[in-house]
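Two complexes come next, and they have one chain in common, subunit A, joined by subunit B in the first and subunit C in the second.
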Partner chain A sequence: MEAVANSKVSAFVENWSLPAGNETLRAEALQALKGMDFPTTRVEDWKYTRITRITNKTFHQSAMTLDVKPYIIPNLEAHVLVFVNGYFQKNLSTILEGDVITIADVNDLDNSYYTNVLEDVDENVFSLMNKAFATAGVYLTIPKNQKAAYPIHLLHVSTGERTVANVRHFIQAETGSKAEVFATFHSEGANDALVNVVFEGHIQENAKLTINKLQSEEQSTFHIANEIFVQDPSSNFEINTITIGGLLVRNGLNILVEGENCYTELNGVYLGKGKQLLDNHTFVDHLFGNCTSSETYKGVMDDQSIGVFNGKVVVRQDAQKIQAYQSNGNVLLSEQATVNSKPELEIYADDVRCSHGSTTGQLDEQAVFYLRARGLSEKKAKELLVSAFIGEVLEKVDNATYRAYVDELFWQKFGWQF
Partner chain B sequence: MGYTEEELAKDLENSEYKFGFTTNIESDRAPNGINEDIIRFISAKKEEPEWLLEYRLNAYKAWRQMTEPEWAHIHYEKPQFEDICYYAAPKQTKKYESWDDVDPEMKETMKKLGISMEEQKRLTGTAVDFVMDSVSVATSFKAKLKELGIIFCSFSEAVQEHPELVKKYMGSVVPSKDNFYAALNSAVFTDGSFCYIPKGVRCPMELSTYFRINEGGTGQFERTLVVADEGSYVSYLEGCTAPMRDENQLHAAVVELIALDNAEIKYSTVQNWYPGDKNGKGGVYNFVTKRGICEKNAKISWTQVETGSAVTWKYPSCILKGDNSVGEFYSVAVTNNFQQADTGTKMIHLGKNTKSTIISKGISAGQSHNSYRGLVQIHANADNARNFSQCDSLLMTDRSGAHTFPYIECKNNSAKIEHEATTSKIGEDQIFYCLQRGISEEKAISLIVNGYCKEVLNQLPMEFAVEAQKLLEISLENSVG
Partner chain C sequence: MLTIKNLHASIDGQAILKGLNLEVKPGEVHAIMGPNGAGKSTLASVLAGKEEYEITGGEVDFDGKDLLELETEERAKEGLFLAFQYPVEIPGVSNINFLRTALNEIREYRGEEPIAAKDFMAMVREKSKLVELDAKLASRSVNEGFSGGEKKRNEIFQMAMLEPKLAILDETDSGLDIDALRIVAGGVNKLRNQNNAIIVITHYQRLLDYIIPDFVHVLADGKIVKTGPKELALELEEKGYDWINDNAQTV
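== the complex of A and B ==
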């Protein structure tokens, strides 16, 4: 541990122990962490996200178990892999038989897979901490020209006092394969728990991968996610992120489009209450031409919550005929809510069609009036309008079973129906 | 308005030479470098009062503690602050012996801009007498303005004549420690302009014609202060469409606008400083801090047409402090060859019912990079604040870049903010349409570009709009990729 001596970061990870496996990789990460500090709001990427709420605490690793039944998606026939506080729970997991996919533990792998795919991505303190201390995670392979028979559900639950969960997943979608992955995050009786997750993927030629991510932790949980996906030519990637829980949530989503004719879709919904801070950082890097990317994020902020959206689209030189679309809409429900939106475009090629739009406002008074005139209470009218507002993004979720689950969750949490 | 080139020439002929400007001040030059002594030297040279020296020294101390910011999307060789001469008394701008010696390329450009022969000579610094004469024209304007109680003079004159106004407003919008270049300017500024419009007065002319004459020999570190008292109106024009060859590489000016209750300031800039050669060598760094503050019901409108400078890095801003105040920003930024621009605006909404509009048009040609960076900030008390932003970028070649970095921060739930941005190139179908109708490709592009910039050019005073249009055409010559 002396490798990262005398810094805040070293104090932060002081009482964590290095899990077994991947020794070289962990040592490298520790080396890289040396001398690094936590980002402050003076760092452009963290301008709106103050993380002192996390960094002034210490967390500990703790393997625990609990009943995960309430978090299983009803009626969804899927492989369920359960992680509690970042530790894989074999007894609680179900792996259905007769599927083509292979599921392995990331820690059993050698370090080769890290190098070729992810060498271009700038690592940050949290992704490096994860690299060094990842306790579990899956390495999922969908073989060439095969379709995964069932969706894969990665179920994460945090519990206990000041616990940390370092999970690291990798999805290898081989040429021409197709799969659907659900990643859900919950917490139960967790107090000041930290979830530090790294999610990586490689979508090879002609492959299609869909990820549905749901963050529904209690308002006492911190969630930091670093997600990196690389797309090969003619691949199709879609990720839908729904954030309704967590006290401080940071989703860092990076997509590197490394081939022509790719399709990329990113959708997000974030709903803040209380003192939540929900930060969505997205980065789409178009390195080759003839690609399309579409991004829609919508936020509804209530109470004293803060919503952050920072979307960046880069079109590299010679990446011609790119169509990139980015849109961010926000509604502020209370007087003390805040939204910081920063949609960015960086374009180095001329034959492109790129646009972005960002709006922030409140619910249309006339629409509220219209509904009230028809006998709805003010509360009901507003709920209806909010659900219509975010419903537009939820529409993009294709899986009906999952959609029903999300709707039910919204109904329970907010009393909204879709 | 209503003052044409012809009238100007006539005025010049008729007016008499009133002020001697022939004192030999050639030797007044401070040694290179910056330190407290240099600042004392500048202050002493300008016979400034004690408080101003104090102000400069405080700014200098603060500047020493600061580091040059690096967040902008631009790359340049940092200025060597110790190699700059911070005080050189204005030299007579005689650069050419006769009209025939003037660079033919420059002559051609000015002809295209439609600048009168006399002014062409003046701008190239050929006819020295003409420059002297212009001083008297200036005075004739001054008499007219004086009648209305408008003060319009150089900054150093204002320090001497109206110290109470300068002391009250200077640094009230851009504090001396605001940023690296503003602090540097506050420490070493040499001159600039001061303008005060009294209560309820509507300034009868664009303060442009005068300014164009006054322009000769602007310093590296200018300071402009415009104060519009309650209920007054002024339209202020800065810069010039004519190409300005300038040896000063670094320009770090500070512009402060103060619009008191019900006042309106319209500030237009046309900037065409030397952009460097085709290979990106040389050129001016334009690092300006421009900011205005609006009191109740006041309005500040920034319009800029930026075609020059190797590196442009500026954000004319509005602080909408008073209720019902309005801020506007209209910008066309053209970059060609190796030019870089990181420009935009900041709209800080503090008061209730404040409104702001941002229209930014970027055009990148050659291998240039053009970024829009803008901040819209709605504070908790800014009920019913309204913002509309539109940032469009046009790419002319496949080696140029267009970037958009909007920052939208909202802390009030009754505010409405809209932002949209697009990036594209000129459609082949549009060009084809023009070609088909007998319009050459070059002309077609200029037509399309002018249409694209119309919203902004419409905001400029009329004569200037015509020149700015031609300027765009010239800036983009041979730039089609």
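== the complex of A and C ==
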């Protein structure tokens, strides 16, 4: 990236003000941003995702409030932390009593600890902008050998014209702890709104962390997510990402597996309509042996939507006896829809078991005919096949209450039943 | 019930059906035999509404309706059923869930109420017994991982569930061992009555020992070239098809 004195980046953030707290970190991020420009499609990692739709606009910070009842997950007894346009809404949030976890401001994070854990992680222009301008976020700790009594729901809503939400969360899963986090993103009356979110986490020895992420914004919003997790030995990390909204969505998921006997599971479902561009970049870095990672992403693209999948798995030289499985499947429902799928395996160890596969195609016409020949309408037949296709990934969501919520959402939005 | 007049159909510009005539009345069983590639499955597909085929001539009347004008699913709702020669595997779509949807779409078409879950399950139990289809298979994904014989049983199970007016069984006997053949044929016979009709496409007399046809037709080169009583099947098994071409005649 070229160093430009008066870059597009500085123009982009020009009218944002630096929130209070964590001054050192913000200053460092600003410093790092100085030499940077936005990635173009000439940069390999952004080849299929042109972000000029975002970068030729300017966005402003705007603390607003609205009724978030429609976005509460029914029947889920959880701590609910609400962020509107990236600002924490204490009055709309609920922290249940009697749990072992602590929920603090991300600004309370110990700086030196933080830099230590994430020192090997590459930052990009969006994660740095976020670091400099994050208006809110939780620093969630699940204490040693404890299980969170309730799931933690981080509920985000964007609203208004050209608003930006820079929100940043850090999850500290201490040794032997266990927790489940839900991160949902919605928008209401948002126009050209940008969500620039960063999740970071440290999953310590023997800890288990499950994250269920739902992106369900209107098709007038942009969403850039950078997610960085570090796994210590014998830890278990699972993240399920469901993307059904947003005009341009980029998920950048980086997982550093820094210990033996770890288990890592990444699942994703993305459903594109209209002119949506849904991009999932994942990176699993196996630094130690005897670990398993399993990745399943499935997309269904309609109209002129574009899907991007880039799943990179690196098995370092010393990481023997790794099992790494990756699969990406796509169904194109229209002739104008496209998918760019690129699984990338880089293996430097010799005793590993890895597999990857990528498929993109139409729905099986023979199957459609078979179902119609039994009396199902063409629409119903296709719905059934699409449901079956992504159902395989949805089944990996263990929480039945959340699953019911997702099913209901799919039913309302697409008329698909599982 | 079904009247096919001078039906012509082609695929990719290649004529397959070349002036086919057939009349099926309620209560009848018709067997269609004929050499490989003659157009038997094509006829079944055209009747079921497969869009790849172009109808280049002729007409098909199904109980007073112009069959060729109906969508595939409308034909099914009108009571046409095709047991496929090669049933497709549909991973992730549960056999009974899709059958319930199908049954309810058909009922809705007839102006009937959706079937109650309890009644449906009772029906599944009863009908799967009819063809001795393992109850576990009934609830698995459609045909996924089924053996050849299980797929064929599943077709007849679906037929039993949907109770069609006209069922076309395309080589339902192939892939069935002798016991399974007896069971499946027995199931089909139990579904017979004076209001429905069956077209059985087969290469072998052995199926017709169980499902006794009223007529046997020989389909060759896209036409019915000979029609006779059930004894014709025996004759065909003995002599093959070549002798027909020499003195082709339609009865």
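Of note:
Throughout what follows, the second predicted complex is superposed on the first by the 409 of 418 C-alpha atoms of A that agree within 3 Å, B and C clash if a C-alpha of one lies under 4 Å from a C-alpha of the other, contacts with A are read in each partner's own complex, and residues count from 1 in each chain.
Please note the rule applied: a residue touches a chain if its C-beta (ideal position, glycine included) is under 8 Å from a C-beta of that chain, and two chains touch if they have at least 3 such contacts.
Quick caveat, the model's predicted, so the values are computed rather than measured.
For the composite obtained by overlaying on subunit A, subunit B and subunit C can both be accommodated side by side without a clash. Of the two partner chains placed around the shared chain by superposition, subunit B is the only one that A:341 touches, whereas subunit C remains out of contact. By the document's definition of touching, of the two partners only subunit C reaches A:375; subunit B does not.
Residue contacts after overlaying the shared chain place A:132 against neither subunit B nor subunit C. Partner contacting the larger number of subunit A residues, of subunit B and subunit C: B. Once the two complexes are laid over each other on the shared chain, residue contacts for A:171 go to neither subunit B nor subunit C.
When the two complexes are overlaid on their common chain A, residue A:249 makes contact with neither subunit B nor subunit C.
Chain centres taken from Cα atoms put the angle at subunit A, between subunit B and subunit C, at 70 degrees to the nearest 10. By the touch criterion defined above, A:366 lies against subunit C but remains apart from subunit B after alignment on the C-alpha atoms of chain A. When the two structures are aligned on the shared chain, A:352 is found in touch with subunit B, with no touch to subunit C. Of the two partner chains placed around the shared chain by superposition, neither subunit B nor subunit C is touched by A:230.
Superposition on chain A places subunit B within reach of subunit C only down to 14 Å, the least C-alpha distance between them. The residues of subunit A shared by its contacts with subunit B and with subunit C come to none at all. Residues 71, 73, 378, 380, 393, 395-425, 481 of subunit B are the ones touching subunit A in the complex.
Taken together, the subunit C residues at the contact with subunit A in this complex read 48-51, 71-73, 75-77, 81-82, 84, 87-88, 90-93, 98-99, 101-103, 105-106, 109, 141-142, 158, 162.
Across the complex, subunit C is touched by residues 364, 366-367, 369-378, 380, 384-385, 387-389, 391-392 of subunit A.
Those residues of subunit A that touch subunit B in the complex are listed here as 44, 48, 317-318, 320, 330, 332-362.
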